[in-house]
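Structure incoming, see below.
The first chain written gets the first letter, and so on, giving A, B, C and D; residue counts start at 1 in each chain.
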Amino acid sequence: MRLDHNAAGVFPIAPTPFTEDGRVDHGSIDRLVAAYREAGATGATVLGIMGEAPKLEPEESIAIATRFIEGLDGLPVIVGVSAPGFAAMRSLAHAVMAKGAAGVMIAPVPSLRTDDQITGYYRGAVEAIGTDIPWVIQDYPLTLSVQMTPKVIRSIVEEHPSCVMLKHEDWPGLDKIAALRGFQRDGSMRPISILTGNGGLFLDFEMERCADGAMTGYAFPELLVEVVRLQKAGRRDEAHDLFDAHLPLLRYEQQQGVGLAVRKYVLMQRGLIASDAQRKPGAVLNAAGRQEVDYLLARLEARLGAAYPMKRAA
Amino acid sequence: MRLDHNAAGVFPIAPTPFTEDGRVDHGSIDRLVAAYREAGATGATVLGIMGEAPKLEPEESIAIATRFIEGLDGLPVIVGVSAPGFAAMRSLAHAVMAKGAAGVMIAPVPSLRTDDQITGYYRGAVEAIGTDIPWVIQDYPLTLSVQMTPKVIRSIVEEHPSCVMLKHEDWPGLDKIAALRGFQRDGSMRPISILTGNGGLFLDFEMERCADGAMTGYAFPELLVEVVRLQKAGRRDEAHDLFDAHLPLLRYEQQQGVGLAVRKYVLMQRGLIASDAQRKPGAVLNAAGRQEVDYLLARLEARLGAAYPMKRAA
Amino acid sequence: MRLDHNAAGVFPIAPTPFTEDGRVDHGSIDRLVAAYREAGATGATVLGIMGEAPKLEPEESIAIATRFIEGLDGLPVIVGVSAPGFAAMRSLAHAVMAKGAAGVMIAPVPSLRTDDQITGYYRGAVEAIGTDIPWVIQDYPLTLSVQMTPKVIRSIVEEHPSCVMLKHEDWPGLDKIAALRGFQRDGSMRPISILTGNGGLFLDFEMERCADGAMTGYAFPELLVEVVRLQKAGRRDEAHDLFDAHLPLLRYEQQQGVGLAVRKYVLMQRGLIASDAQRKPGAVLNAAGRQEVDYLLARLEARLGAAYPMKRAA
Amino acid sequence: MRLDHNAAGVFPIAPTPFTEDGRVDHGSIDRLVAAYREAGATGATVLGIMGEAPKLEPEESIAIATRFIEGLDGLPVIVGVSAPGFAAMRSLAHAVMAKGAAGVMIAPVPSLRTDDQITGYYRGAVEAIGTDIPWVIQDYPLTLSVQMTPKVIRSIVEEHPSCVMLKHEDWPGLDKIAALRGFQRDGSMRPISILTGNGGLFLDFEMERCADGAMTGYAFPELLVEVVRLQKAGRRDEAHDLFDAHLPLLRYEQQQGVGLAVRKYVLMQRGLIASDAQRKPGAVLNAAGRQEVDYLLARLEARLGAAYPMKRAA
């Protein structure tokens, strides 16, 4: 089970569940795994930014990834291995691949500016992890402050056969997907999988621009699965109708910093994790915010309740 | 007619209409003015970022502001006077106040980092324009890369009696509004008007956090007016129902860079401006983007058509 | 007298002299002009960052440039026309060329990140000012936060025949000069003039890497002229001996922010400008700083006095 | 042996020596240790930015710190524990303190902007490592892009009794030292040790502004020791004479990125480390650069040879 460029569908970005006193909550990982499977996810991505990866110690990271891999039992798991240095990146990549990961995801370090710096960085990363581990480019300028043009992405893809996927999280980014698919059509770039992030805020149209699916952490992964399915089936209006019903909450989750607190709160309310605790530093959802989320959940339930149950069965 | 801290309602951020060959289109300014009045706007804000202010020559800026001021005939007009230097800021501020502007808006220069640098900058700005011109703090970290805490805003407000309003455009920013209102309640900050931006993406909840209204450029200003009105009347569910109907388009407009192209295109489709031309440099809405906007407009019309007509009467 | 790629020698970056109450001091411009001529400068550059250009009104900018052009009477004057928008850039460029400027200098706007954004920006700038005005790329990442690789500079040079010079102010930047000269040797880039900045901090070695000279504001332009002359004459050790004698002061001037205050103070002490006043906002050299500069000047005079007189003859 | 606010003198920032094939070279650590002792260093700082800390695995970091601690045998060793997350920071801090470190050094994460974010970050860091480990604030805006005003530093110092030192590396920064010493005099801040960085580029004047010494990586630590000694003895002119003789090389080392390559090359030439190899990614000193450094070393030796021998005795 190794990731390749045919990957499609929905890879939820998994949060790392913690107990109130800051320990990793492996029981909640099991609940998340069950929910992802039930939602129809194709795989999952762990230890990303949303997974609070930099707050973990190396052994914790390996244990968390392993728990997800074992739980998803055959579904591909992508593990974020971004690190300030290549030594730590290599160690983690080798460790999780040995545990059965399908591939790894690599974000650029925030100091990169020029096109050459970016391609040079990925050259170093591949040299570090080796050329036989399938990997994903994480393109997230809003948080990482690194801007990759389609041409730079193409250079990276062409240089590294083991690069099989783009996690697309530019904003705005619809034309970037189109440009990359254009490169594939004109033969200047081999095919890659493109899964989109940004909390799903543009998923409705990203699918129409030929994304292969979503890789993001919206707390109703079944919505992501369904929008992807409807769009692939050509049922455009239905896809938008469903998407629009979720958009008020989805928009609320898509806030820098506090967004993770919102998501963990919703996941907790849904029964998918036991606590919405984060390790420090972390933004906190205060009482006013919780009430707003409760209101949005109530409205969503009123509108779509049967199809999108707040609570998962135990 | 001078701006004060009681300002409330909706001040649309006006685009600057251009002809296809790059001249200022004064006829379209008149159409915008008519639409703003008809929509129930309280005033308007011109020469902001959305108004392509840095692309204008000084005489053009004054002429545009004057045209809006004369057209709005008694409704307060706020003029953006942000500039890389204080000499240009002072000139423009004095010129437009002489023409009847109600106040000016000042964004920080992007290089500011520390709290002291920010308060020092506004001290210099007020020294430049004089203490008798009412002015608005523009707080827009996503674009300006300057982060102002509530405490810094309070310092500025307390130091400068002529500062009467905050254009709130932090993201996420709901708790910032709450913190500032808390300062007013505990007596540590005098009252100011808070109008919110971000394309309206959180207007539904911003009003519940005690914003006074909106100052943003969504191409259906009547929606902003109505949401503000419903929330102030305590009709929460109705406000959200209406807001949610617009959210798919509103979300699409709220894209960095290409957002202005989307808005000008919608305004053109609605008959409010003759052309969606921008001066260079400017992002262009390509065919795929236009089709997406058309689709969103069609869905909006299908849902709310009578109340939110695509086309304004001539 | 139009700038071309053969330009060499020293173009001092001129400060803009102000009176204590903030008016432009044209008399001090005349003194600077006399000093530049006497020092053996090849030309001069005005309205750069050091010239406090963003703090000037358009008419002031034109008047200052004109005064320098007339005073230098036949020596080429390069005028900084960097602006947040192309309309202001075009106006100023046309105005100063009509007054006899030899060319203009254009810095990128600070928001540019990718290689394509940078080349796109210069495309827009040349479209704005026209293809017949000789111009200079200003490459100053430390202050402008835009990083241009040698390849990007080559693209710009090859695309625009009117681009004739690079103001090289990357830090570190010795290998960048070498890379560009390599492009010339391998035929992939036509020849350009390269003048170096950074206050002259690496001028000793920049000349050995085949720079054509210096364009910077060190308050002893005769030192720059002499180092350039000695290096071109192959008198390496003498060039370094002289350079090293100035290095303590030169290093002190080369401080971000306060550097301009240091330079204006030295120029005032030397009798080249009447006041070291800056327009706001500007860093101030306090008493401790002035004493340190006095100490460095005294040491320099003790070492090189006859050759590098503190005071210019009236 | 725990660090306190009386620390003074010179703490060289140690590079991490690697073999050509990228392994940690413990033998060269021993040579560095001997050279530091012989140079009269007061202590040493390891695993800083110059120590390529982010490129190390946790066990390597602990082993390197331990080797320095054991070798310096009683001289205080400060260990950099900066990390993207607090868990890794805590682990490393506890591990090296158990091995005998005198204290730790903590840099802010690059994303911090507002004063509150900075003080909040250090609150989290102290909570993570505990209140009983003496620690150093690393203030290095040029590389870390975090700007701390003197007031922010005072807040941190006052809040955390275990904060005993500032590594001062702002640029320009002379007035920052003066401001902090002013806080001590007016009683608003308890005394702290201030050691300065920036490669020593302003050490001559930093000592006159009442710094306690230097913490930087110039490849002749004996020069740092001697300048500090002379300034403390009030022998100002001698201090400057000596400093100025080193300034051409010191300036050459003080280049962002390539500076570490220069230093490792000089240390290798001096026989203090076996190889100038860096782990990737790292800037390389090419042939032209090596020749320039050789030239500067030859000039330095010609001038000061007996006092500042190129080669250390074996």
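Definition applied: a residue touches a chain if its C-beta (ideal position, glycine included) is under 8 Å from a C-beta of that chain, and two chains touch if they have at least 3 such contacts.
Quick caveat: nothing in here was measured; it's all calculated off a predicted structure.
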item	value
Between the pairs A-D and A-C, the one where more C-beta pairs touch	A-D
Same or different contact residues where chain D meets its copy chain B, judged by the half mark	same
Chain centre separation in whole Å, for chain D relative to chain C (CA means)	33
Rounded Å distance between chain A and chain C, as computed from the means of their C-alpha atoms	48
Centre distance in Å when chain A and chain D are each reduced to the mean of their C-alpha atoms	39
Residues of chain B whose C-beta touches two or more other chains	none
Chain C residues within the chain A interface of the complex	113-117, 147-149, 151-152
Touching residues on chain B, where the partner in the complex is chain A	171-172, 174-175, 178, 201-202, 204-205, 208-209, 240, 243-244, 247-248, 251-252, 255-259, 286, 288-289, 292, 299
In the complex, chain A residues that touch chain D	52, 54-58, 60, 83-88, 91, 110-111, 120-121, 124, 127-128, 279-281
